[in-house]
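Order as written gives the chain letters A, B, C, D and E; numbering starts at 1 within each chain.
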């Protein structure tokens, strides 16, 4: 979900803005991006707006998880990889460009009376140490913990911040953000995690406050909402980007795109 | 000489089996009606002209499947253009030319094996070979080439089947009149088996349209409009999802169930049309 | 009149070459897949060790100390396929008998295209219905934390193999020479007796082929069951979330790298070997029918 | 001799095609009756009306009566399975079931409820003996019947028909697919069988009719043109068409 | 009369199966030669060696010479299509192409390069006349050949074979699938044709051989047992096996 009117205005603005600066080159070609499903809203918005900037360039987005984005950039199956986590030491041959920050929202079914959990409580729910909702002030019902596949940046972020690496007991391992949201929405006893940008304004699930802090642009930016990570472009070091791809990266990481990113629910970082 | 009626035991046997037959047939039909009905009821209301003729927009928060339709057409056309000549040619070679029976038998076994290989395996090999090794990236072209490998055995087999139904006596008669082999094939064999070839072709289209696992990892899941015939580089590098992959993505990853059902309804209609076309063509050409 | 002067026919020669090339390319494709799979599937097995790989009960491909045991996948695939066969074959077989031998021609003429339609429906559509109708229904009916399970996968697979079982068995039943049935009727057997005592045994190898084909379909299906099976690498049990061989490949393929990725190729190789075995069985069955 | 079958005014249509025109014929018990006539004249059609095998064909309409031992077999309530047990049939092409020789012969008795192994053994042996094939197959009863030669298969089919103890045996060109030596064996067999059964055989081969049968019926385009003692019909046919046909120079 | 075909020491193997054993035979021009013998004795096999149709069978090995007008047809460099134009063949089952009657007959001439419509019309008419079927089909030349009756189809196949103006016509049991009346038409036709063509026919039917042919060759298990003038062979066979076969009581 993205706010209709204002975003459209911003897109128009940016078109007029860039028309002055990049008038010199009319690029054409196809840019394939692949990776993080958390970045779907952000990418969708950016791609659509970029069409106005460079009508000759088609940017494609495939949402297959951050791991796939990094592998794709390494193997050359896409031009730009997308990852909702930072590169690890053993992930070589590629480098990252951060486009935004994003909170990881802890979501439960709207029927669930629980509305605030501490990080420790969340970890206990995830590892199965807490197996019944009544233990954290909810109904007497079995906890159903839903999460993401191993390649997910969201999962990586969630597990490392909550300290539950390799200890989570998943009832379901979904391969995208949307699925987790749908899974939690359809099961009254479910708890899961998903990109804040994807669930903001979505009333099919309830976003919990963590240690009393509600996730928002401000709390993510100032760090009070702890469960957060970066949205990154992953670029192969050895193959040069095409002109079209380079133009897209430059534009997306510039301030011109900030409003668009914010409109899509993430936190822009460009200064 | 009086007439003895059927013994009770025989009558019971008859009744029980008859009941089971009707029961199972009814079950199958009920399943089918449920599936079709459910898809149409949930899907058709969302199929609008707008839905069919636009591309999705994040800014306006709308979804349209025009890109998926054009991607599907791209894949069908490119795949068919490659497999038709190749598959029919190979079938002709195997049934009419190849001398070494053992070789033919082993190739037939190989094609048969290939038809049984799960498409996820084709996806895996296609990704490794076309996307990475040949550097096509995840693109519609890589997807089409993967489908070429996946469907060529089907074309070979259906063509071979229909070539084999051409009576040997036609061939003998033609050769007996002093025709050469190609002349015989062109004037007698191919005309008599054309219906089978066309039907096989339509069924191959069906298979391509219905394919998802092999495309998911080779052609990408993009939803935006491609201009793939704009330039050679676009033709090579456009990526995106076909209708089936889009269905999967909307249903699984985006939880846009109405969109998924609408695509499902469209796919059902397509399947219906393809099946009808296959049986019509088969019947019409047979009559001729 | 001159027998020794052989006319030169360039067209004949060219077409011969063209067809040969087509045949050759097709064969190359076939060989390519097999060889590629074997080559890329072997290294991981060598590194993990065949026994650990095939009989390891834990799959944790991304853990700090990764484990690559695919027994859960193998067992899930086997259980899932067996379940689908147990449900699908009796129904499919009886439907085929009905269509081929019992149904009034007009009714059969309506049902048969319907069965063809069922066969042509893309597997994601089955997955969609499974995920939207079956999974919630199973969750409610059996009061489970979550409905996505082996059970749902079995039902979806059973429905998906139904059309191929029906059409292959029906073809086999129809190919039974009418003389057999006439002979049986002329001896005073009833129609149903004739069908089950003469036609069905006479078509048995064809029906067996249908079953084997169904097994092949079921074991190779990925997209429909990835939508209903939950996809956690558990050891299989009827109502738990499970991964099949196919879905194991599908779920990690996009992001796997290094040994994990090679292990996926090895899973594909195992799957390929299963399919080969099934195909050889199918081939012998069909041969026996011809012979 | 008494008639076992009496056909009165029998008409048969396949859809709109009138295939039998008012056929009247009485078939005497314990004799061989041959049906001859050119291809398509309705011989097989007529034969099949006798054990109601035509019931299986879509769109058949039958008028007139066929009485078997005085009982109209087309009357309502007649049990066809019982009728077909009384009237066995041997077809043009040998059609043994794809089972063992033993199971082929035992098929009929089993269908009619005989389960006892000893009883079945006895029936199988007797039937195979009656069909003059026992000696050739007694050592391979468990082998597939499809491994037999054409002539053996046809005798096996006769044995199979005999195993349900019919009264009448219908044979539709049952030798036409066979080589001369097998043909002669089956002809001999037919002659032997007539002491216990009534045989009605369709044949294309006039010499066979002349050699084997007691009575001959000549059909032409759905009409029963002439019917009588075989010697009489072949030596002094009363109808010009019969004469034309049997003096045609064909063998 | 002179021989058009001279076969010397012809041996043929299907894989390991030795199907023809040193056959020696000279076939005179403008006569009808009949090949008789029990099923599987190699009649068809022998016939097919004459126009090299056996080339199509996998694993055939041939030794010996077959000379057509003095030229060895198995010599290297012989153009089979030319040979098959000289030696026409009519098969057991009528096998017209699924095209119009006209196109069936015109198929051969077209294959051999005749394009002129007038020329083709003439050839088609002449061939159909020679095959004694012109009157029956002249009004439906554009209709599908598959609509003809079996006997008509077979005569059409003969017309098709004649249209390429062969010198020899091979007929492999070309009447066995037909009714007596069609059979007689084709027999008459064969007799008529021998003024222009040499006819070699395989037949199961000894009376047909006796009625129609000038010379008869008797094959048994791959051996040419006896060969000579038809009257002589049927009245005073020299070989005991020939006598046994032709005096069998079968028609």
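In the analysis below, a residue touches a chain if its C-beta (ideal position, glycine included) is under 8 Å from a C-beta of that chain, and two chains touch if they have at least 3 such contacts.
Note that the structure is predicted; figures quoted are calculated from it, not measured.
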Q | Length of the shortest touching-chain route, chain B through to chain E | A | 1
Q. Which neighbours does chain A have in common with chain D?
A. B, C
Q) So which chain is farthest from chain E, going by the mean of the CA atoms in each chain? A) A
Q: Report back the single chain whose CA centre is most distant from the CA centre of chain B.
A: D
**Q.** Centre distance in Å when chain C and chain D are each reduced to the mean of their C-alpha atoms
**A.** 48
Q: Determine the centre-to-centre distance between chain B and chain D, using the mean Cα coordinates as centres, and give it in whole Å.
A: 50
Q | Length of the line joining the C-alpha centres of chain A and chain B, rounded to whole Å | A | 37
Q) Where does chain E touch two or more other chains at once, residue-wise? A) 81-83
**Q.** For chain A, residues contacting two or more additional chains
**A.** 64, 72, 174-175
Q) What positions in chain C touch 2 or more of the other chains? A) 190, 193, 254
Q: State the interface residues of chain B toward chain C in the complex, per the touch definition above.
A: 6, 10, 13-14, 17-18, 20-25, 27-29, 31-32, 35-36, 38-39, 85-90, 92-94, 96-98, 107, 109-114, 116-125, 127-129, 148-149, 152-153, 156, 180-183, 185, 206, 209-213, 216-217, 244-245, 247-248, 251-252, 257, 260-261, 264, 267-268, 271-272, 274-276, 279
Q. So in the complex, which bits of chain E are touching chain D?
A. 38-39, 179-181, 183-184, 205, 207-208, 211, 248-251
Q: Spell out the part of chain C that touches chain B in their complex, as residue ranges.
A: 9, 11-12, 15-16, 18-23, 25-27, 29-34, 36-37, 40, 90-95, 97-99, 102-103, 111, 113-118, 120-129, 131-133, 159, 162, 166, 190, 192-193, 196, 216, 219-223, 227, 246, 249-250, 253-254, 264-265, 268, 271-272, 275-276, 278-279, 282-283
Q. For chain D, which residues count as touching chain C in their complex?
A. 51, 53, 56, 58, 81-85, 88-89, 91, 93, 95-99, 107-108, 111-112, 157, 160-161, 164
Q. Taking the complex as given, what residues does chain A use to touch chain B?
A. 1-2, 4, 7-8, 11, 28-30, 32, 34, 37, 40-41, 44-45, 47-49, 58-64, 72, 75-79, 174-179, 181-182, 185, 264
